[in-house]
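All chains are identified by letter, namely A, B and C, in their written order; residue positions are counted from 1 within each chain.
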Amino acid sequence: MLDVRNLQKTYTGRNRTVEALRSLSFHIDANELVCLVGPSGCGKTTLLKCMAGLLAPTGGEVMLDGRPVSGPPPGMAVVFQEYGRSLFAWMNVRDNVALPLRRKKLGKAREKELVDHALEVVGLADAHHAYPWQLSGGMQQRVAIARAVAYEPKVLLMDEPFAAVDAQTRADLEDLIRRLWRELGVTVLFVTHDIDEAVYLGQRTIILSKSPTVVQEDLTIDLPDERDQLHTRSSARFGELRAHVYEQIQRAKHHSGDTEASVPSAAGAATATPHL
Amino acid sequence: MTPSAIASVKTKPAGTGAGPGGAPGRRGPGTVTALRGLAGLAGLVAVLEALPHTGVVSADYLPPASEIGRTLWHLLAENAFWTALADTLTGWGLGLAIAVVAGVVAGVVIGSVPVLRAVTASTIEFLRPIPSVALIPVAVLLYGTDLESTLLLVVYASFWQVLVQVLAGTQDVDPVADDTARSYQLGRWGRVRYVLWPTALPYVMTGVRLASAVALVLAITAELVIGSPGLGHEIAVAQNSGAVSRVYALVLVTGLLGVAINLVARAVERRALHWHQSLRREG
Amino acid sequence: MTVLTAGRRILLLLGMPAVLFAVWWFATADSTDVYFPPLSTILRKFGEVWAGDRLTADILPSLLRLTAGYLLAVAVGVGLGLVVGMSRVVRDVLEPVLELFRAVPPPVLVPVIMLFAGIGDTMKILVIVSGCVWPILLNTVEGVRAVDEVLSDTCRSYGITGPSRLWHLVLRSASPQIVTGMRQSLSIGIILMVISEMFAASNGLGFTIVQFQRTFAIPEMWSGVLLLGLLGFVLSLLFRFAENRALAWYHGLRRAQRDT
């Protein structure tokens, strides 16, 4: 479904060049929920922008359904971290959600249905006519999610969407994403720097090295499909996976494309099953 | 924002957003910008030269750029021109100075006394939008074509620019800083000196910059319409005597004067505020 | 209590203007100075002079020319500002030229434009356009340039492009700056309306007031000064009313940002 092949990105500045992505390859199946985690500054946002067709890679390619991504592809929606800056401050909630649908020319009735439903599922059925800046941060991010839901994408890319909301709201929103993913049958790539979130949310977690970035580990999260904040997080398996990811991230801080030659330790392999 | 995103913003060529790279002339964007700007100015001169020659515009109305340039060159050799320039700058500078002093004093007094602020608010809102040109007949009546006529208009128009900015500045005082000053037994004067003034200074500088541009407009307007001595008066004389290219040359001088004043005002503002994190946006 | 606060507010609002008015009234009450006639005389003349034929013969033509020139300047300024603001190269090339044009004091354009357009309505409207267009143009450029990168990415990823992007993203997010430019231009417009009429005209406010001054009809002249002041005040009031409606979202956003 979504294929990243030898993706490279080098920024060329005035006096220096920065190699952000060394060479990244991974694959996401249809209807998968995959988390992407890595140390701070590892080029997560760069990777996501390349995948969304918002940034041209220096080398390699991103394939969606077998076609290379050269610009923002239809059927893909992106939710950014900066909810305050990704919503139109001059439109109310309803218009924010409805605007991307206009281009699809679905007809008034279908458009209304989609918007109503999207706002309903994110829990904003009462906020149609509010402006984004009248809402709390968590509610604003719900609007951005509703906009993505109404768009009916095949792929949903999320760039640290909950990094700027408080812990309780964050837990609610995580469960919302799990629910939406299961109900809508959409493929989700969720970028985060939060280790708990990376373990709790996905079926798989891709751990990135520090910059210049390579894939450090592709880890299957073998937690049961039914998850909730209380029981899942207190389970022994969650603790093991969490410890493993934590360890990998610590190692990733010293590991990059430049140190690729060094043999990665297999300490965590006993408790986790690497994907592929 | 992740550090990688910040790094990417820094290293990206400015202004092209997330688009693919490949903007020409990566080395020294400053030079490229300057060259493009020069090309723009050269283009303007070329168009002004070509228009009258092609006959699109009659040379009686718009002399070719070369002729305007020649007239300007001759102008620079005239004593009368330099006297007029000095007159304009006198009206501008004197008027601006009076307006700045009056605006800052009035602003600090009104701004630091809440009752005064409340009482004067409506009056300021009423007087500020009154167009300064409404005073032209009054100025003529009272002062004829003397410098005072120019000053009346310049001071009236510039005063409000300064006052409004100073008032905005005094309103921006951090209540915590003010309370701290109070708790250390600073008197009213001490609080003005150490709390209010540093807060208001950026606004004062903005006000001075805005006022310096307005002052030039009004100085030249007064000269043009009333006939007090200066560049504006020279333009009126040139127009009446049908010296078309002289009109253009003088207009160009007023434009260059305006550019110079803007550049100086911006430089002064930046220098005075270099310690201040951000230049405030004007209201 | 509420009666008291309302009373206080009215006192604050009208107190100082009332005092100033009273000072003017009594200071000039027995004035024999021809230059400073009693306020009562000025106010009497005000009704006589401006309520009759001059309403349609002078005030109306002035206002029509101002409206036409101002609206044209808005259209041209916003249109050009979009073009200049969206292209880095165009911006770099034109910036110094625009800075020069903006720095020319608008009233000196009157003699220049008279060369081309004579002394009729066209000249006066062109003068107003050529003075008002720069603040709008340059502020539009600034606003277009400052369009948020995240929001721009959001539009791209949802396929909001072309005219839809122009309207829903670029123009709307630049609108606070555009309005700032329009506000600056309004006061320039009023100045140019008056000045273009003082130069060469057979009707209009500027023309009539200068006539009064030249014929030493002093109370009439003062009534004209009052009228111009009133006009400036009313127009700025109307502008603010329109701005508060059009930019309600912006003021709300700013308030929300301040409160956090």
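As a working rule, contacts are C-beta pairs under 8 Å (C-beta built on N, C-alpha and C of every residue); 3 or more make two chains touch, one makes a residue touch a chain.
Since this is a predicted model, take the numbers as computed values, not measurements.
Annotation of chain A and chain B: jointly contacted by C, touch as defined at the top. Farthest from chain C in terms of Cα centroid separation is A. Here A-C and B-C were compared by C-beta pairs in contact; the pair with more is B-C. Each chain gets one centre point, the mean of its Cα atoms, and the points for chain A and chain C are 49 Å apart. Each chain gets one centre point, the mean of its Cα atoms, and the points for chain B and chain C are 18 Å apart. Of all residues in chain A, those touching 2 or more other chains are 49, 54, 82, listed in ascending order. Counting partner chains per residue, chain C has residues 149, 153, 156 touching two or more of them. Within chain B, residues 18 each touch two or more of the remaining chains. Interface residues of chain B facing chain C in the complex, by the touch rule stated above, are 15-18, 23, 32-33, 36-41, 43-44, 57, 60-62, 118-123, 126, 128-138, 140-142, 213, 216-217, 220-221, 224-225, 232, 235-236, 238-239, 244, 247-248, 250-251, 254-259, 261-262, 283. Those residues of chain C whose C-beta lies close enough to touch chain B in the complex are 12-17, 20, 35, 88-89, 92-97, 99-112, 114-116, 145, 149, 152-153, 156, 180, 187, 190-191, 194-195, 198-199, 206, 209-210, 212-213, 218, 221-222, 224-225, 228-229, 231-233, 235-236.
Within the complex formed with chain A, the chain C residues making contact are 148-151, 153-154, 156-160, 164, 168-169, 172-173, 175, 249-250, 252-253, 256-257. Taken together, the chain A residues at the contact with chain C in this complex read 49, 52-54, 71-72, 74, 76-78, 80, 82, 85-91, 99-100, 102-103, 131, 133-134, 147, 151.
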